[in-house]
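Down below is the structure, laid out as structure tokens.
The letters A, B, C, D, E and F name the chains in turn, as written, and every chain counts its residues from 1.
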């Protein structure tokens, strides 16, 4: 009858703790929001599902082999493991975790070899995470695909809108300041690297946020990604009140002159110009913007449609599945249920709001001092959240003036915002991560 | 030490925002320059696109009217999309 | 002229042994069955081809760098290798293999580094196997794709048919018993883990069989996968006699009431219900059933068609290619040509037969005691082999009564059988593999 | 030892088959409960399927006859296949 | 203000050296040739772009973690690194590189662990290169896709044309001789392995060239791949003068008899016959020709269209993207800007010319002594460069005789050339690489 | 040593080119033999292509006819027509 006992001890109910239960509920909530409310379903369905899988009690899908051993090994193996990690106690799984995380690559390898020999293996989601995110590859591949889907025409027709994409990044840096302030007054506990990663939520750009936090703050990645995608989905609710509060009815009614046509040749040369600027001025942004420009060149060159189709089709879809599940692996209760997560969620929405406001305010300023009329509503599109934010600009514009079609005008700052936050990401990785 | 963290945050904000603005300003200049050069020195003959060997897009206007073509493609892909979604039910 | 000698010594004919010749013939046979007879060609074409590649004399495509060195290295290197592996003799490649297989992860790494430095490399198929199967990833990704192609409608309309999917799994466990019996009387030589992996052939589900045997009995993986797919292809020949023998003409004529329509909402909620049950009751089945539910949710949610198309299209196709070739790498003569393989083939067909019979018999019982009429022929579909087994139920039903359309009714037990064998896989991994 | 192996096999069969039956029984109950709850508390207005942003499938049953559709699809995919193979030459 | 200094020191302009600038220009030139002139854009767009990325100063995208540390680490870490690598000096990054390259696998691992702990990581392109090319996987997968796109019908209808595909490989071996001659008179500095890899450019087959040089001469891979693809694009300019010089007007006017129809069955059996010959006679060509035959069997068998579509569609497209970027990673200035590169470019075009001439001359001979008329122009197609070289044969033939359609006749030697250079690759790996 | 390198090159050329020629000659023989055997012992009933389960390609030469092609166009334009009329609903 020992087998029944084994099965029962192995079952989820017997091993479940409160945190795992809560995280499973959060995973279900994300699935509900994604499926029923249309919250960025392409990412939030895999993230939510991955979050549930990660918290299945006893399955250890999100844990490395060593972590799985720390929970499940017998005392002899734990003692051996503690010896390799150089600690005394073997009682406490958390202490082993901490020692393992603090170890160098060589000790980690020895520990892995020990537990592998004893039959412990990396969990499925842990493997996905290592291959797709820890290597940095998945967000870069997604960025390539986004590049292959982006039309820079509106931006090239009106390059000044790049300034709006720059202004909206103020949300990022203001949030960094907020995060260190909360830490300095003792409410939260963020390092400067954590703060930088949290700020990037305000970039409103999923792969950028995941890429930066995988480098600067891997432990916060789950919360940051969930916040970034959730708030991107909430853009139609977050932005309009701010936009209306900061603009007058007359400003919202401004009609803009039609954009000039952009030649194919300009569209082909542009990604190379951007790449060269990155190469000369900000090499730390080269992986993100390099892949972005590469995807765009595949599309615009017109001679490699096979590759362009793959980049924006099968490849990005496949990578999105594994990226989402991998982000979900960071929703394990032990790492997610923490006051820091609340801080991240709060700071993230502030970042969105400040970014929106900065964009609108700079647009007002440019309208005041520029020669051609510029509707300040397109400033809010500078946060990126492509193409949601541009659609919001258009919608709020139509409310004020039914003949006012801002969509194409807002696409300029919208894609500028993608570049802007990738630049911000490069700066932060260069200054904080180095 | 907390003061130091705040300082780091402030510095990051100043230098970061400064870099973003500077970089995008240079980009505005570069784009303007690029468009001007292309318009001035490479007047648009709307792209013969490669001298001969290039298996690129067909020269515009040689095939059917592009509008017609685009519409055809749109309809076909809609049909296929519908087929797939039906199949997957 | 030394070069000609080299070329000749390197050629296949000079190096071929009898076993490799036989395995190449077996590979050609599998290709013949797949291409001309339509035996599960999606898997058996890559498996058969991989089997031929694996047995090319002197190419070492299916061997690790260390194994390739064991065959081709000079005495000095072999001596060094033997020293690392802690054995005396360096004469015998088999002894080196055995010592290598029995070594811990650290010794394996040292041996690999030694032979890499000497210019020996992992064979192509060995790389494919490591990445796709040894990591566990490929079968899980295929299971996700299968989930994205599965319609649970018939099952949800008539949940009682799940019992038929349960009953048919009796074939699995009866076969386990058979395998240990053959061992206990000295005819075969299987461990309890081997027996469990062999039994899973009766699950009639390729990726499940590969997943389980990659964990419990990697050495038997080739034979088990070949048996599983071959017998799935033979379902139209194996099942009908058993079905006819166990049912009366009157039973085969029973017409079933039409299934109620199932709402989209039920189909969306179902994979989450199944996932939660797995999480709470049987975490060891979480990788398999989790990915299966994930694929199904991608499809049914209706909001991530891009990802669903990728899961059941480009992704599953790509992974199938490498999975098949990797399985083929386990058809190397040294591992496949063994009396155990004959045992596996024999036990596998018994598993199919017992599973079919159990399903039919339980269906008869349910028909006797249930209120609504139930045609016992749909019981045989419980072994899974989707959708072949359901088609067989339909065909045998039509023979008895030309107005009797059992296909949709048989799809219920058919997909239930997939769940059932994944549950059985979880139990066996939990009890035997832990 | 052989006796022990047989014992292990018997145990595996008993516990394994028991678990399969138990799990699938619970699943039958759960499905029945799920369907009942959905039918009782969330009456089917046939799925508005997300509040707006969701790009769902077309409403069921609206489309054309399936046979017609299948032929259409076959021909279209043949056309596309031929187009591709011509392109790749 | 230290941060501004940091940013400036991190910027590309401050760190750029002359070589990197030149390589960026070369990358732009490759993009120009690919996009505007249609030079093999599917490969040269990714290669050119990867070449630019690889030379972004300070980004280190093409370097391993250890190489990045050699450039950027503080003296303490450099000292530690030098100690592990067993050298004295820590001043010179090049000395560290050389010591690292010469180290065994174990020392490499220790060095990697050291610098990983210090925060240095493998560059993005280095990761792509390791996974796709260093593993050997990407060229093989591309070869599988090429196999799935190849129609052996014309070859099977007229198997004698295989001799033309054999003759054209003389370009390969003549070039090997040229390379060792240039070395023996002191102009260049190539080992016999380098010479073999350079010769393979004359095979006019991209993936074969990449596969061979990844094994025999990884340092020359960038130049070899660029030469191979550039000259393949230049085939319409390189070949016609040679073809006209070696043939008489009368020969060019020869009309060939129409090819007999080839049955599906012959097309299915052919890849297996080829595979068996490879297995028995030349196992060292088994990876290349094995995957090629596998792709062809997927296509011709007609029962696995899903897999065939994946092999020649999404899979080959995805792999091409990463293969191209990875080849680009070998265009780092330090490795590419070298007199050897000039030698490779010069020898490569000679290889093409000799291969073309050999094919034409053998065709003349066969025409003279054979019974059926054979137009010598199809001999040039034997270099492969599918389908460009066959089209050139057709075009030059039409110039001489407007009723002379050689395209299908030239496809025979054209695909024979693919097999021929894969065989040559196998021989060279077997003789030189072993 | 340079002499040795030249020797190695010469050897590589001789053995390499010899192997290529020998291998392809054997291949010519094998193909001829294969075609002969297939034609002699497995007369072409133009491929029933698997006994039943195999979802093979359509028989060679059946499609591709211009008439078929015309029908294809007809069906596609029907599709487009239907699409338009549905759109206008």
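Operating definition for what follows: a residue touches a chain if its C-beta (ideal position, glycine included) is under 8 Å from a C-beta of that chain, and two chains touch if they have at least 3 such contacts.
These figures come from a predicted structure and were not determined experimentally.
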Quiz prompt | Number of hops, subunit A to subunit F, where each hop joins two touching chains | solution = 2
Practice problem: Among all other chains, pick the one whose mean CA position is farthest from the mean CA position of subunit D. | Solution: E
Quiz item: From subunit C, which chain is the farthest off, judged by mean CA positions?
Solution: B
Self-check item: Centroid distance [mean C-alpha coordinates] between subunit E and subunit C, Å
Solution: 38
Quiz item: Counting in whole Å, what is the centre-to-centre distance of subunit B and subunit D, each centre being its mean C-alpha position?
Solution: 38
Quiz item: Counting in whole Å, what is the centre-to-centre distance of subunit C and subunit F, each centre being its mean C-alpha position?
Solution: 31
Quiz prompt | Numbers and ranges of subunit F residues touching at least 2 other chains | solution = 11, 15, 19, 49-50, 54, 76, 79
Quiz prompt | Of all residues in subunit E, the ones touching two or more other chains | solution = 3, 7, 35, 38, 41, 281-282, 302-303, 314, 427, 431
Self-check item: Residues of subunit D touching subunit C in the complex
Solution: 2-3, 5-6, 8-13, 15-17, 19-21, 23-28, 30-32, 34-35, 38, 42, 44, 46-47, 49-50, 54-57
Quiz item: Where on subunit A does subunit B make contact in their complex?
Solution: 155-156, 159-160, 162-163, 165-166, 169-170, 172-174, 176-177, 179-181, 183-185, 191-192, 195-196, 263-266, 269-270, 273-274, 277, 281-282, 302-303, 416, 419-420, 423-424, 427-428, 431-432
Self-check item: subunit A-facing residues of subunit E, complex
Solution: 3, 6-7, 10-13, 15-16, 24, 28, 31, 34-35, 38, 41-42, 45-46, 49, 52-53, 55-59, 61, 110, 112-114, 116-117, 119, 121, 124, 127, 314, 317-318, 320-321, 325
Self-check item: In the complex with subunit C, residue positions of subunit E that touch it
Solution: 104-106, 109, 135-137, 140, 144, 268, 272, 275-276, 278-284, 286-287, 290-291, 293-294, 297-298, 301-304, 306-307, 309-311, 313-315, 427, 430-431, 433-434
